[in-house]
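Dumping the structure here so I can ask a few things about it.
Chain lettering (A, B, C, D and E) follows the sequence in which the chains are written, and residue indices restart at 1 in each chain.
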Amino acid sequence: MISIRNVSKHYGSFQVLADCSTEVAKGEVIVVCGPSGSGKSTLIKCVNGLEPFQQGEIWLNGISVGDPKTNLPRLRAHVGMVFQNFELFPHMSIIDNLTVAQVKVLGRNLDESTNKSLKLLDRVGLKTQAGKFPGQLSGGQQQRVAIARALCMDPICMLFDEPTSALDPEMINEVLDVMVELAREGMTMMVVTHEMGFARKVAHRVIFMDHGRIIEDAGKEDFFGTPRSERAQVFLSKILQH
Amino acid sequence: MISIRNVSKHYGSFQVLADCSTEVAKGEVIVVCGPSGSGKSTLIKCVNGLEPFQQGEIWLNGISVGDPKTNLPRLRAHVGMVFQNFELFPHMSIIDNLTVAQVKVLGRNLDESTNKSLKLLDRVGLKTQAGKFPGQLSGGQQQRVAIARALCMDPICMLFDEPTSALDPEMINEVLDVMVELAREGMTMMVVTHEMGFARKVAHRVIFMDHGRIIEDAGKEDFFGTPRSERAQVFLSKILQH
Amino acid sequence: AQESATLKKIKDSGTISLGHRESSIPFSYYDDKQQVIGYSHELMLKVVDAVKAELKLAKLDTRLMPVTSQNRIPLVQNGTVDIECGSTTNNTERQKQVAFSNTIFIIGTRLMTRKDSGIKDFPDLAGKNVVTTAGTTSERLLRKLNEDKKLNMNIISAKDHGESFLTLETGRAVAFMMDDALLYGEMAKAKRAGDWAVVGTPQSREAYGCMLRKDDPGFKKIVDSAIAKAMTSGEAERVYNKWFMNPIPPKGLNLNFVLSEDMKALFKNPNDKAFE
Amino acid sequence: MGYHWNWAVLLAPTPSGGVTYLDWLLSGLKVTVALSLSSWILALVLGSIMGVLRTVPNRWLSGIASAYVEIFRNIPLLVQLFIWYFVLPELLPVGIGTAFKQLDPMLQQFLSAWICLGFFTSARVCEQVRAGIGSLPRGQKSAALALGFTLPQTYRFVLVPMAFRLIVPPLTSEFLNIFKNSAVCSTIGLLELAAQGRQLVDYTAQAYESFIAVTLLYVLINVVVMVAMRKVEERTRVPGYMGGK
Amino acid sequence: MYEFDWSSIPGALPFLWRGMCISLEITLTAIGVGILWGTLLALMRLSKLRVLGWFAAGYVNLFRSVPLVMVLLWFFLIVPQLLEKLLGLPPGSDARLSSAIVGFALFESAYYSEIIRAGIQSVPKGQASAAYALGMTYGQAMQLVILPQAFRNMVPLLLTQAIILFQDTSLVYVSALADFFGAAYKVGDRDGRLVELLLFAGAVYFVICYSASLLVKRFQKGTSA
């Protein structure tokens, strides 16, 4: 489904990604972790072409992302993406946040879109909030709306960039629960997160990055059992200790 | 040392603190926890008069904080406070951050202040960073500087407001380590935090707040053993689960 | 002399403030060294001499203050300038605010146009764009003429004479109506003075005077007598010839503006009558 | 001070007959309002386009937009006005220049003032729009693109609407400025409020009455605009966002 | 097509230069006074004392609702006598310059105070808390912590306003003061070369203001790094 082949990227002389390669099969859930600034967000943004990269190739469902001829908007319409800071559109109500792209991008009619939106809002437990504005919801609720918004587009896979790191500890679980359910239903997912509980529960593989490189790319059991690199070990011990 | 008696506070008609009472003895370490918006920050800011309160009394080392005749600046000079977002002064170098209040508030001379500052920077492991600016340090380093800055004033007690919640997971421990050490040396501390590992390790008592009320105020063993209120149980289960 | 507030002020401070214009050629304007010169200005200096003599001062400082058509009256009233001699028409409305000295010049309002424009007199202006300077008597006359004779002109009111002339020069208007002496003055600074002509029968006569503060007859008397003396003694005519019959700065052009009958009569019999 | 107050002058008939001096001031007020409103529309349209262009990831477009801003921002309004009115018609091809100069003079002045104020203000609006777009979290653009919006759609549906809501307060002060700046247009002979005030002084020599009346009328405009813009602000306020509470 | 004739510019340069000096003098004084008085106004506006807040708000709103041209006219007609009476200035002093300077300074203070107020409010509230928590008084917290950061944040805006102010000095034409624009206009008017002189003035203003705004940009980069 997603195939990342020898991707490198730099800002000026600063190397953000160095020769990264990995594959995500259909229905697979991949967790990406690593210290701050290691390039996790950049990698995941490269997958749907939000960040350009200079070398290598990324294939998504048989389409090359880096190819200048690719219609990126159409491609992105079918890749769901959830951001650390939710990035709901603050000037639109919740329901408008969910319908606007369906109408303007997919060309669905308004009724159909509204129905779909309400169904997905219901699924994340927020049907009653449809008329409110993002600023009136808690962080956890906003992030669930963001997931619903992505799901409205019937994505073939979902990308998550630290979806819980801006949340109050109490709200983390309501978001993780939605994600766990999604994973169990067989959605293909790439998730940047430090929630190792989530990784243990549903990830198939864990990727560990440092300084723009993929240092570990292992099955969940291998990773938590005996991570091979010292850097990953240190990192894990730090975030699991407290 | 700190005595909070029936304190209430409201913004307009909104009640932020409702009839809160507790005592902190010399050398005691108290952890305050509770859901977002429950009034934890407000309570701790009331202790050194950063927030005014309408009813009740707070006594700090025999001085009434709410009394209009109290010289608040002098009182605050001897209470260390550490904030969620560090609040170092970004336009001053690290060493200036540490010395400015010693010189301008305590009236120490510059040499003496600088010596003291360097000693405390050394203690938090950052002596080499003295000449840098806050923006050039990582979050964990900044928070350790903030602790050192508070310690420079020879505080009789320390207040912490979620000192680790703005940090990357990797950096939390370097800050907690400093705090654990401080607690073990017998500093009187009031700490708002969700780090239950820290609470288990050094707290003498844990206070649980919700909707501006102190719902639990129990010894550490009691609190983690069998918290009496349902709300606290739910909260604990949520933040400990993942 | 009578008790005069202005004279007292001048005596106490040892200074007299003179209001002048910046580009009323040839009455009061700057030469290329930014010195104030002109016909009205010279007469004003004669007044200063008379004041100095009257007060028996060994030394009298002068302070020069440029004024605009908009602020000249307030500046006289509030004491910033003691006397203003430029190209200010003496009329009854203004007399309510300030006093006027003996008349220093009499003009007629006429037209300036391009020599080859075919415009000979006011009736030729029908249906054309005509420019005049805002706030002048010419503007009023022109509007009245337009209504009375149904000439259907488009009247442009420019901010000052320089802008009026620019409007004429760039072809926005076919003619520029203004006090004849000032029209000659504008011609004196044109790129090609020879292209322009002053035509038409004068539409009105107007008297220029120096402005003084009201209700100070003591001061007015000195000013009036100084002006009268210059006129009856032939001194004023000499000044006239210097500015109107000889080459003048900035371009060394000779206005060749012959002394009119009105002016001759004035020089014989100085007075402070307005023409309205 | 030897000043002769006479407020009745406002109601006295003017020499051209039929109307009072107050009518002059009111007709000046009308010109000021018409000029300011029409210039404001021009400024908003041009400013929004340029503001968006300044933020697009294309060197050429953003370069053009920034040159535009620099030119119109760095020359005093007064000078720009003279250039539009006196200089530009001379630089145009003779036919067009002459045609322009044969228009009704009032129209010429109004057009020049309109274009001048519109362009001058648009440079300022442009900077506000750019700042508004720039102050949105970077993630907003990413989020819109990630949903499959094209870049123009992203601007149209997400960035510009939100940016405008954020910049209502600074736009309000630009809007107020345009009324005040229009006073400068009297220098090319346009009979707007300040010019009518000056004309009143020329004709009646009652300077203080005129200045006071004109100043009060400007304050009045200001109050009306502020009240109106507060309404706009309330209307566009985003719940749960920036002071929306 | 118009025939250009630039010949009157070289001879007029000394006069134009004097005009430029007047423009700069007005600008610099108004900036200095504007920042000081503007800071005071901003502090009043933010103070808990209602009366001070009202005074500052009234002052700012009044000045911001009247066109600068009108303000200058007022100050030209009223301030000279006031100054001469109150300060006992010698009558020989040039009232045009002093009144223009006072008018600009008071007018710009209103604008500067709004910028500085925004600057103070842009400093995170936690910074004030942190300063108080270290035992600083209001004055110390303002002087050592809040104002330095506020000014740092506001430098670009303050400079931009200074550029606007410099351009606005052209409006002193109402008092016939020969600032740079006035000088150029007068020379152009006298020599019948208005178009050339205006274009020249425009070019000079552009060069100066554009250079200044480049400076602002460099400054912005410097501080944000």
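Basically, a residue touches a chain if its C-beta (ideal position, glycine included) is under 8 Å from a C-beta of that chain, and two chains touch if they have at least 3 such contacts.
These figures come from a predicted structure and were not determined experimentally.
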Touching both subunit D and subunit E (chains): C
Joint neighbours of subunit D and subunit C, given as chain labels: E
Chain of greatest Cα-centre distance to subunit A: C
Winner on C-beta contact pairs when A-D is weighed against B-E: A-D
Of all other chains, the one whose Cα centre sits farthest from subunit B: C
Whole-Å gap between the CA centroids of subunit B and subunit D: 52
Whole-Å gap between the CA centroids of subunit A and subunit D: 46
Centroid spacing, where centroids are CA-atom means, of subunit A and subunit C in whole angstrom: 82
Geometric centre distance via CA averages, subunit E-subunit B, whole Å: 45
Residues of subunit E engaged with two or more neighbouring chains: 2, 73, 77, 194-195
Residues of subunit C engaged with two or more neighbouring chains: 70-71, 74, 78-79, 163, 166, 170
Set of subunit A residues in contact with two or more other chains: none
Inter-chain touch pairs (all): A-B, A-D, B-E, C-D, C-E, D-E
Subunit B residues within the subunit E interface of the complex: 45, 48, 50, 72-81, 83-85, 87-91, 100-101, 104-106, 149-150, 153
Residues of subunit E defined as touching subunit B within the complex: 124, 126-127, 129-137, 140, 144-145, 148-149, 152
Residues of subunit C touching subunit D in the complex: 69-71, 73-74, 77-79, 93-94, 96-98, 129, 134-136, 140, 143-144, 147, 154-159, 163, 166, 170-173, 213-215
For the subunit A and subunit B complex, residues of the former touching the latter: 35-36, 138, 168-170, 172-173, 176, 194-195, 197-198, 235, 238-239, 241-242
Subunit C residues within the subunit E interface of the complex: 13, 15, 17, 22-23, 29-30, 32, 34, 61, 63, 65-68, 70-71, 74-75, 78-80, 160, 162-163, 165-166, 169-170, 189-191, 250
